[in-house]
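First chain A sits with chain B, and in the next complex the same chain sits with chain C.
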Partner chain A sequence: MATTTERTAAASSKSFDIVATYNELLRSDPDLTMPIAAIEALVLVLTHSPSSTISETLDLLEKSTAHLKKSIPNPIGLSAGTDLFQRYLITTLQRPGQLGPAGDFKAIRTHLLSNGRLFIRRAKESREKIAAFGRGFIRDGCTVLTNGGSRAVASLLQKAADEEGGPSAVRFRVIYVLSSISKNIEEPSGEPEGMETVRTLRAKGVPVSTIPESAVAYALGKADMVIVGAEGVVENGGIVSRMGTYQIGLLAKAIGKPFYVVAESHKFVRLYPLGQYDLPIEQRVVEFRSEDDIAEQGKQESSVDANGDKPIELPLSDSVDFTPPHLISALITDSGVLTPSAVSEELIKIWF
Partner chain B sequence: MADPVDLALPSSSATAPAQPLPKPATENTPSQQTQNLPIRDSKTAKTPAPSDKQSGKAKDVSKPAPASADAPGATGADKPLTPAELKKKAKAEKAARRAKEKLDREQGGAGTAGGLAPGGGQSRPPTAPKKDAAGGGASQKGQKAVPPRRGSGPTGQTGAVEHKKKKEDKSVAVFGHLYGQQRRTTIAGAGKEVHPAVLALGLQLRDYVVCGSSARCVATLLAFKRVVESYTTPMGTSLARHLTTHLSHQITYLSTCRPLSISQGNAIRALKLSIASVDPSTPESAAKATLCDFIDNFIREKITVADQVIAGSAAQKVQDGDVIVTFAGSSIVKQTLLTAHKQGKRFRVSIIDSRPLFEGKKLARALANAGLDVQYSLVHGISHAIKDATKVFLGAHAMTSNGRLYSRVGTALVAMSAKERAGGVEVPVIVCCETVKFTDRVALDSIVVNEIADADELVSAAPPQQVTGLTDPVTTTKPADNKKGTSSAPTTDPSDSSLTASSSPLTNWKDTPNLQLLNIMYDVTPAEYVDMVVTEMGSLPPSAVSIVHRMSTNM
Partner chain C sequence: MPSTSLALTPGLGSFLKSLKTHPVDTSIENLISLLKRRQIRHSRSCATATAYLLRHVVSVCKTSDPAKLIERVQSVGRRLMAAQPREMVVGNVVRRVLGLIRDEAEDDREAEFTLSEAGSESQPQTPRAFDDASLPLDRDALSLRAEGAERSSSRPTLQSMFSLLSHPDADHSLPSTPGTQSPNGRIPGHGPSSKDVKAEVLEGIGEIIDELGQVDDQIASYALEHIHSNEIILTHTSSTTVQKFLVKAASKRKFTVIHAESFPNNHEATHATVSGNSSGDDEHLSFESFQKPLIALGITVILIPDSAVFALMSRVNKVILGTHSVLANGGLVAAAGTRVIARAAKVHQTPVVVVSGVYKLSPVYPFDFDSLIEYGDASKVLPYEDGDLVDQIDVQNPIYDYVPAELVDLYITNLGGHAPSYLYRIVSDHYRKEDISF
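Entry: the complex of A and B
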C-alpha cells in the first residue's frame, strides 16, 4: 500500500489512476477481496483528490467507479464494493448534525476517510466471523467437497481443523476439486488454484483428496456436503462464482447433498441475473468455430498457442458461472447463516 | 271445482312441450269438458287416453290445432286464466322468496367458504366487504341451498318449486362464496352522499371502461380528490372525523359496482390515514389542500414515477433477439416493451389473450403502432406461442405475501407453460408490479379469494364495446382513443353482434338445465413460477415481497 501511495503521489500531477491502484492492491495483498480492494482504491482516490464539496466528491466517486468498472473484465465482484461505499457515503452525508450537509466539509471528509478505513479493516475480519459461524457445519467424520481458491472456504476449513485439536484429532476429510485450467496464463503448466490450501490442510493433518472436475459426480457419493466460495452473491440469493460451481450445484442437488456457500456480506451485489447468459460481463466460453475460422485466426495471430481460445475480455481461467438459488441450501456469511431468500432481505436493508 | 282445474292444467301444460302434437288438443278438450262435465275432469287429467276415446267429436276439433291453440287464451278467459293468474302470483312470490334466499345464501356462502378452506379462510379476510356479515349460523343456510341442485337433476320436469330451484343453481358450487351481490346496474339507489364523479367512476369500473389495477387506483384517487375538493365540513364535526365517513359512502358505492382491487384498497387506506392525521386545528381549506397534495403525490410516487422506474429496469432485461411472451394487456408491460423498443433493442412480442375481455388487443395495437413485431394469439395457442419464447413478462393485479402472483385469469397457465416447458429449457418469468399492489394477505389458491364477473359476458360473441371500442379485431384497426368518433360504428355493429350472440348456443344458458357458466376474473400463480418481481424499489425474488411490503408501508 505504501508503494501505491508513493507511486500515485509521483503521478499526482496527472489524474489518479484508479485501475492501476486497484490491480496493485489486489496483487500486493493476497488476502484482499475484490470489493474491498475497490473500496480501498476509492478511499485512496478521495484522499488524493482536492474535492471540496459534497457534490464534487460524489461526482468524482461516480466517475472513478464507472472508469474502474469499465476497465476491469469482470466487475461483478468489485461493483459490490463500490456500490456499498457509495451508499455508505450518501447515507453519511444525509445524516443531520455536524457531519451532515450543513457541517464543515473538511470534517466530513476526514470522517469519511477514517470510516472507510475502519470499514476495510472490519471487512477483513469478517472471514474470521464466517469461520466461527460455519464451523458448526463441519462435524466429526464428515467429508467436505470444495473447489476453487476461495479464501473464505480455506479459512473456514483451517479453522475447523484447528479447533478439532491439531494433527492428532482430525475428524473430517476434504475432497478438493482442482480446476484443469491453470490460473496462471503465463505458465499453463503451473499448479492449479487451491493447491496452497490443500498443502495447508494436509500440514494440519486433514486428509485431502484432489480430484479433477470431471470426477465430481463420481466423488460426490463419498462427500457429505459441498462448500464453495463465491465472487458475488446476487439479489435472488444465487451466486456468481468460479466456472464449474454451477455444475457442482446441479450434481449436489441431484444426489441430494447439501450445498453451502461461504461469502462475506460485502460481496452482496445489486444484480439480478436470470440465467447463465444474463451476467453483465462478456465471456467467450462457448465459441463455435470451423476449421476456416481457426485458420483465419491463425493468420491474424502469428502465434496460436495451446489454449487457443483466449478471450480478450476475460481469460477462461477467470470465467464465472451463475448458480441459481434453488440449488443452494444456505449461505454462510458474517451476518449469520442465511437462506437464499434472506439475501434479498439483507440487500434491501442495506439499500433502503 | 276450481281445485281440480288447477291440478289438471299445470301438469298438462308442463308435459306439453315434450308431448307430440295431438296433446294440445287434449288440453283443449278437458278445459271445454270441465265446463260441461266437471266430474270427469280429474280422470282426464291423470289418463289422457280415455279422454281421447271419450271425446270422439273432439278429435275433429283437434285437427285445426293451431287455430284452437290460441282459443283457450281468448275463449276460456274466465276459467283458464285463473290458473294463469295464480301462476303469476306464485311467480311473484317465488321471485320474492328467491331474492330472499339469495341474500341468505350470500351470507351462508361466505360461511361455507370458511368451512371449505379453513386454512385460507382463517389466514385472511375474504375480499368482499359483505363477508363480515358471515356468521357461524349462516353456514347452515348456505348448505341448504346446495342440495336442491343435486336433487334437481332427476325431478326437473315438474312443479313450480323445482323450477325455481333450477334457476338458482346457476352459480358454480366451488365458487359459491364469491357470488356476492350482483354488480350494480344503474346509479339508482345510490346514496345522496355519493359524489357525481364517483357515481360516474362506478359505472366505468363496472363496464371495464376503467380496467386494470393501476388505472382503477388512479381513477379512484382522482375521483376522491374531487370529493375532497367539493367537501365542506358540516357543523359540529371535524374534518378528520367526518370526511372519513363521507369517503366510506363513496367507497361502499364503488365496491357495489365492482369489488375493489388491492391497489384501490391500499390507496384508500393511505388516504384515510392521511385524513386521520390532519390536525383538527388546521383550517378546512388548508386541510383540503394538504389532502389533495397528498393524493397527487401518491399517484405520482406510487404509480406514475414507479411505472417509469419499473419500465426502465425491466427493459434492461430485454435483449436483442428476445421473443417476449406476455399475457392480456398490462399497462406496465406495455410501457416496459415500449421503453425497450425506444432503446433500440430488437425483439419480438407474442401476446396471449383470452376471452371475454380481450385486453391484449389494445396492447397488440399499441405495440404494433409503435413499430414492434407483434404476434397475437389466444390462450389456447399457448403451447405454440411459448415454443420460441425467451422471456415472459407479466403484469399483476396483486402480489401476495407468500410471493404468489394474483393476476388476470390465465396468467398462471402462461407462467406454468413457460416454466414447465417440455424442452427442459426454462424461460424466465418476470412480473412487473408496483409496490402499491403488494398485500399482506396470503393466497394459497385462487378459490378462496377471487372475483366473479357476470357470466353473460361469456355468452356474447363480441367483446364488450367499452373495452376496445371495436366490435371485431379482424375487420378494422381504428385508433382506440377517439371513442367519440367511432361511436357511430358501434351503433351499427351491435346488430351484428347481437345477431351472433343470439345465435350462440349459450344464449339461453340460464334456462338450460344442468348448465352453469363460470366467468372468473383472477388466478394465482405459484411463487415457484415467478423468477423475478420488478418493482420501483428494485428487483426482488417473489419471496421478498412481504419484506418490501412491510418496509413500504412502514415508511
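Entry: the complex of A and C
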C-alpha cells in the first residue's frame, strides 16, 4: 500500500510540478495571496492524480506540501494555506454528515476540485470584508502611516477613500514608507513596492507622502496610527511581515501610536517564533564578513554553482521580520477586530 | 444626582412602575426621553431599564416567529442606543436579548433536524444536531453560560477560518441566518414549538434581570481572594460594586482604604459613602438596600483629594476601581480621574484591579476614544455665580476617562478574574457575531 502511494505520488509529481504551478499562480494573478495560491496548487495536484481513498489522498497532500515547502524560500505564508486545506479535509471527513465518513468521499473531492475558483473569489471577498471592518479606524482628519505592498491595506485605504458621494468621503492622509530595496531584482533601480497603491490613492484625491525607512521615527509624530499588512499571523498573535515592520512597531510603541495589522484569517499560521531568528527560513540579512571571506566566497561561487541540498535562501528584497504581539494594538481580520491573543484561539479551533 | 423627592422625579423606579400600566410604545418613548435627559444614569440602572423594557416588548409582541422578534428588538434597540450612544450597557443588553432569541431559534431548528434526520440530504453540514440536542433541557444561568461557551467554540469553526473552503450550500444552511433560508421551508411559523421560543426568550430576559440584581454580590464573593490583611487599598468614586467588594473583605480582614473623592462629579456621593450618611438620594444606592459603611466595620478609611493620589501611591498595595463600561480591547471607560490613578499605579508598579459586571462588557471596538467621553455640567467646576469668569474662560468637565488596557492588571467580573487580554473571549461567549453591529 505504502509503496503504491509512493509510486503514484512520485509519478504524479513527475507529470505535475507543484512548485511551478504555485509560482505560476502567483505570477498570473497579482491579487492572489500565498496561502490561496498554495491551496490552488494542492487542488490542482488532486486533479492530476486519480487517488480514490482517503489515506492515499492525505498521503499525496502531505508529500506535495513537503515538496512545495522545501522548494520555496519563504514557506511561512503558504504553509498557512496548506495546513488549512489539510485540516479542512480531515475535519470534514471526521464530521458526521454527507461529506463525512458515512457519506461519499468522492463528494468532498469533487467539491474541492470543482470549487477552486470559488475559494479564490472568497479570499478576495474577505479583503472587502476587512475593509468594511477597518473603515471605522480611519476617521476624518487622521494620518495613516503604512508600509510594504499589502493588498489588504491597499484595499482598506482605497475603500476609505472612495466612499460614495464625494464630499462625504473620509478626508485622511497617508504616509507611505517605501523600501529602499527594490522588489525587482533584474531592475535594481525600479520603483519600490507600494508605488502602485500610492498612485491609486493620489488619483482618488488622498494626499500621500512617501518617505524612506530611515524617516519613520521622524514622521511618526505626524501620524495618528500605523496600519500594516502581514504575510503570516503566528500563534501568539505576532506577525511575519516585510522587513522593516518590526522597527515601525517598536517606534510606534515608543511614541504611543496605535499599531494595527490588516490580515485575512487564512494567513493565520501554526508557528510560534520566539524571536527574530526563530523563523523557519534562511535569510542572510546580518552577515559578518572579513576581506578573506569575501574572496573565499567569490572563489566558491565560480566553482560550484548548483548545490541541490542546501536550503534555499531568501533574496534580500523578500526578507521578512517578526513583530511580537505586544507591539500590536489589534488585528483587523475578516472575522472581526481581534486582539493578538485571540489568534491562537482561532488556530486551536481548527487544529483540535 | 440631587433628586430630592424620589417618588415625583422621573427615574428608574417610576419607569419600572409605569411599564405595567402604559402601552409598549409609550414606554419606549418614555425610556428614550429618560435616557436623553439623563434621568436614568449609571450603567446598572440603564441596563435594568432596558432589560425590563425589552421583556415587555417581547411579551406583547404578537408574533412568535424568531425572525420577526429579532427585527422588533433590533428596531427598539436601535432607537434606545441612538438616544444615548455613550451608555453602552443599553446596547449590550439589547445584544444579549438578540442572542437569546437566535439561540432559541437554533435550538428549535436543531431539534427538528434530529427528528427528521432522514431529510438531511439538502443539509450537508448538520454537525451540531447531535451533540446539542440535549441542551434545551436545563436552563439555569450557569448552563446558559456553559452553553454559550460550547457554542461559540463550535460555531465559528464553521464560520471563521474554514469558511474559505466550505461547501457553497453549507454556507447558507449555517444556523446563523434564522428564518430566511430554510431549504425545506420548515422554520417560519412552525406550529407548537414556536410558542416555546417566546416563553424561553422571556425566561432568558428574566435571567438577565436576575443577573443584574446579583452581579455585585457575585463579584464581592471574590473579594477575599484579592484583599489581604493589613493591605492598603486605593479606590475612587462611590461605585456600589467597589463598596460591596470592600465590605465583603472587611467581614474577615482588617485593612486600610484610601478613598479619592473624585471631585467635581462624584464627590458628594463619595463623601456620603465614606461617612455612611447616605441620604438615599442617589438612585443607584437606593436601588440596593444600603449597607453599613466601611468605618462601621472597623476599617480605617482615609479620604483624600484627587490631587494627592500620586503622592500616596507609593504606600498603596492595590488599586481597586469601578467602571462605567469595559470595551472589547480590554480598555475601559470610567469616571474622570481613573486614568490618572491607573497611570500613577503603573509608575509605582501597583496592581490595578477593575471590578465590573459582565453586562458592562461591550463588544464594540473603540475606534474613536474621544467620542466615548461625555462632558458634564461645567458649573460644577466653575459655578455660574462667577459670571464674569464664565464669560471669559472655557470650562470643561469631562465625566469619563478612557483607560487603555495596558494600565489594568486584572478584571474581576461576576464570572471570576480575567486578564485584559482574555476579555475578547468573554465577549464572544456573551454576544453573537451577527449582533455586534446591528
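By definition in this document, the second predicted complex is superposed on the first by the 301 of 352 C-alpha atoms of A that agree within 3 Å, B and C clash if a C-alpha of one lies under 4 Å from a C-alpha of the other, contacts with A are read in each partner's own complex, and residues count from 1 in each chain.
Quick note on the criterion: contacts are C-beta pairs under 8 Å (C-beta built on N, C-alpha and C of every residue); 3 or more make two chains touch, one makes a residue touch a chain.
Keep in mind it's a predicted model, so treat the numbers as computed, not measured.
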Which superposed partner A:E345 touches (first chain B, second chain C, both, neither): both
Partner chain(s) touched by A:Q297 [first = chain B, second = chain C, both, neither]: neither
Touching partner for A:S180 - first (chain B), second (chain C), both, neither: neither
Partner chain in contact with A:S52 - chain B first, chain C second, else both or neither: neither
Chain A: partner with more touched residues, chain B or chain C: C
Which superposed partner A:S28 touches (first chain B, second chain C, both, neither): neither
Chain B versus chain C as contact partner of A:I39, first or second or both or neither: second
Partner chain in contact with A:G275 - chain B first, chain C second, else both or neither: first
Contacts of A:E235 with chain B and chain C, given as first, second, both or neither: first
Shared chain A surface residues [contacts with chain B and with chain C]: 340-341, 345
Partner chain A, residues of chain C touching it in the complex: 120-121, 123-127, 130, 153, 156-157, 159-168, 328-330, 365, 367-368, 421-422, 424-425, 433, 436
Residues of chain A that touch chain B when the two form their complex: 235-237, 270, 272, 274-275, 278, 325, 340-341, 344-345, 348, 351-352
Chain C-touching residues of chain A, taken from the complex the two chains share: 39, 84-85, 87-88, 91, 95-99, 111-112, 115, 118-119, 122-123, 126, 136-137, 139, 265-266, 268, 329-330, 335-342, 345-347, 349-350
Chain A-touching residues of chain B, taken from the complex the two chains share: 317, 391, 426, 428, 430, 531-532, 537-541, 543-544, 547-548, 551
